[in-house]
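Got a structure for you, written out below as structure tokens; questions coming shortly.
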Amino acid sequence: MSTIEVKNLHFSYVEGDEILKGLNFVIDSRSTAIIGQNGAGKTTFVKLLKGLLKPTEGEILLNGKGIKDMTVAAIAKHVGMVFQNPNDQIFKNQVLDEVMFGPLQIGMDKETAKIKALEALEIVGLAEEKHTNPYDLGLSRRKLAAIASILAMDTEVIIFDEPTIAQDYAGKERIKDIIRKLRNDGKTVITIIHDMNFVADVFERAIVFAQGHAILDDSTKMVFLQKEILEKSYLEQPDVMKLCYELGFKEGFLNVEEFIQGKMNKR
Amino acid sequence: MKSISLYVDKGSWLNKMAPESKIIYIITAITVPALLGIRWAGMGFIVLSIILLLSGKVLKKTLPLLGVSGFVLVTVLIIQGLFWAGNITPLFRIGPAVFYKEGLNFALGILVNVINILLSFCVLILTTKPSDMIENFVRKGFSPRFGYVFISVFQIIPQMTETMNTITDAQRSRGMETEGKLWVRIKAFIPLISPVIMSSLINTKERALALEVRGFNSKNKKTFLNEQVKTSADIYIQIALLLGIAAALIWRITVWLG
Amino acid sequence: MARIVIEHLKYKYPGTNKLALDDISFTIEPGEFIGIIGRNESGKSSLCQAIAGLIPNFYKGAYGGKIFIDDMEVKKVGVEELCETVGIVFQNPFNQVTGSKLTVYEEISFGLENMGIPREEMIKHIDDAMELLDISKYRDRYPFDLSGGQMQRMAIASIIAMKPEVILLDEPTSQLDPQGREEVFQAVQKLSKQGITIIMVEHNMEKIAAYSDRIVLLEDGKLIDIDTPQKIFSRDDLDEYGVEAPVYTQICRELGLKDRSSGYYPITLEEAKRILSGDRKGEM
């Protein structure tokens, strides 16, 4: 189990216009969702975590070691990231080759890379499509191929950038399962996401970013109970939580199952 | 705002002039000195361009352009001054290097021509909105489709650069090295360029659909939101410039015949 | 006002062997708000593009059946003519920016210039559309500098300015943040109140249930059902079609709470609240 410590993290592209204004938290074994309005600094934060940007102040420690002096390629061995748009990465003619690219880049031998790639395709449900051209898959399945290409790298930390875009009900369920599995395998899972119902369903911890600060950081339930703060940050409660609020419940339920469970227990 | 256009709106009279007038000015500034064959004519147009740029409040914007070409021009000056084939009369020396009058004179001719062309183009480029220029052409019967392509290039290219950056980030995140030795860069080429091509194709198709449903292929006669950029003085300026070219041409012919 | 009649519509994309749209027939009354749901690749986008005439006029392929907008047959008029009656907004706001205009105001004029609308009238249309979509304050901004929600509202305004009677929205909010999504939904609701026919593809069931007059459920290119949201989301077999009822419906179904007057499960927050507060009788 790896840890990520974020200490007094600042970042700005232009001096005097800070995008991150001092972040302090430790990412632990809980699956963590980072939520916030566009422009709140979420993407900047994960880019720092991947070493694609360097902090202007403060530091990030991966398993106690600063990542400041590591190259992007070196960080890639520990931290994987699935980008929002699969079209930004896909270049091979076969799904399997695409998925093997990352593992080979980080120094896996061909044999291991292939095993990992096939495992990853199995997890995302594309085992049958390993010889298909990725561009013959619809956008939602192409995204799953992109996810597999990162899973196959077998990194300790996996970051998802808006995993649910263009996914339907079945696709979302599939991604929920992937995230739960990674979590149970002891991986650190971090997601940037706009879909609050999805967060409520799978993530244990939520961090709310607003104007470069982490203004809320708690268990998902505690965060989603803060209706006013969420609304001030232009976010909303998950739908079931809205209902709880409307009904004047003291306790909040994150999703349908919890709601029904809670209701049954009271009877 | 990300655009590769150099245009700045200063609300000056040059901004309000018809782009055609400025295009004719460029033609005049280039042809008249060439026809007359007198260096002073070129210098005269340089001074005129500077005055125009000054009154258009964009003279400062020419500095980076002059800076880049200035380096080349200084090199021309040095090389011709030292080594031009017709060099006879030494003018001055710096250390062991002797500069000759004829070479410097020849280089000066090139200098005047280049700066003249550069500045007269600046008068057009720095004070004219690209879309206004194209729109005026479209009004005159130029194909709106070509017009669209010309204008959109100014905006779509910066957007593509942005996509390129994201793709670079995505591939580096998969452990790919993009910096360092030549071989590393060559190896990085395919993983970087293929997604750029594919996503451009996808974006282009989507944009084509979006244009289509906004009547891009409409058979109706196109109208314009912006009123045509021109002033009442434009026509007189254009006539004056054309007369100038004609006069220079007649002078040249008389010299030949005489 | 435009009445849309779809008769036995069939369509196959070039180079494929499967029908993307398979014998679809239904009618949309003027001013209706129609939601389209179904799993990915069930034919939602294809149906939209067929109503907008992009199928078969932009995409080729095999086409059967007919779509009428009033007495105009879609297949027989070009997209450039049809777009004056039927507008369509796509998923990615970014790719709908023409890239040939420097301000939001000019961007919206693009369609009107092509249609050849006289300048005075054009200005009025643009101002109205900006007002309606609440983007007048961004009038002089560079189109690509807008946020996703603002850009999508600009895309809608660009269509609305052309004064169509029908507007199709193909997952217009899926790439936006919660605030942007809310902005777009509010704008769409406003359009609906103006009497414009709205046809919207959307994955967010809570929203589509709350706004739609009727919902079209598609599966594998076929029309499974078209009915009120209450009836659609009270179906027992939604699972089979890869869609989920709104969470409010799911909760009430689990608890066996139907709306007494209609006999269906509630679909919105308000309905669920009403029924659950009645049911709760002081507990919790």
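Going in written order, the chains are labelled A, B and C, and every chain counts its residues from 1.
The criterion applied here is as follows: a residue touches a chain if its C-beta (ideal position, glycine included) is under 8 Å from a C-beta of that chain, and two chains touch if they have at least 3 such contacts.
In UniProt terms the chains read A, C = Energy-coupling factor transport system ATP-binding protein; B = Energy-coupling factor transport system permease protein.
Just so it is clear, the structure is predicted and the values come from calculations on it, not from any experiment.
Asker: Which chains touch each other through the most C-beta pairs?
Answerer: After tallying contacts for each pair, the winner is B-C.
Asker: Taking each chain's centre as the mean of its C-alpha atoms, give the chain farthest from chain A.
Answerer: It is B.
Asker: From the C-alpha centre of chain A to that of chain B, how far is it in Å?
Answerer: The separation of the two C-alpha centroids amounts to 46 Å.
Asker: Distance from the CA centroid of chain B to that of chain C, rounded to the nearest Å?
Answerer: The separation of the two C-alpha centroids amounts to 45 Å.
Asker: Mind checking the centre-to-centre distance between chain A and chain C? Centres are C-alpha means, answer in whole Å.
Answerer: Roughly 30 Å, centre to centre.
Asker: Can you list the residues of chain C that touch 2 or more other chains?
Answerer: Residues of chain C never touch two or more of the other chains.
Asker: Quick one: which residues in chain B touch 2 or more of the other chains?
Answerer: If we look for residues of chain B contacting two or more partner chains, we find none.
Asker: Which of the residues in chain A come into contact with chain C in the complex?
Answerer: 37-39, 138, 140, 165-171, 194, 196-197, 234-236, 239-240, 242-243, 246-247, 249, 255-256, 259-260, 263, 266-267
Asker: Given the complex with chain A, which residues does chain C contribute to the contact?
Answerer: Residue list for chain C touching chain A: 39-41, 91, 147-148, 174-182, 203, 206, 242-244, 246-248, 250-251, 254-255, 269, 272-273, 276-277, 280, 283-284.
Asker: What residues on chain B touch chain A, complex-wise?
Answerer: It is residues 163, 166-167, 169-177, 190-191, 194-195, 198-199, 202 of chain B that touch chain A.
Asker: Would you tell me which residues of chain C are touching chain B in their complex?
Answerer: By the definition above, chain C touches chain B via 52, 54, 58, 78-81, 83-84, 87-88, 90, 92, 94-96, 98-102, 105-106, 109-119, 122-123, 126, 142, 144-145, 155, 158-159, 162.
Asker: Quick one: which bits of chain B touch chain C in the complex? Just the residue numbers, please.
Answerer: So the residues of chain B touching chain C come out as 1-3, 129, 131, 144, 148, 151-152, 155-156, 159, 203, 206-227.
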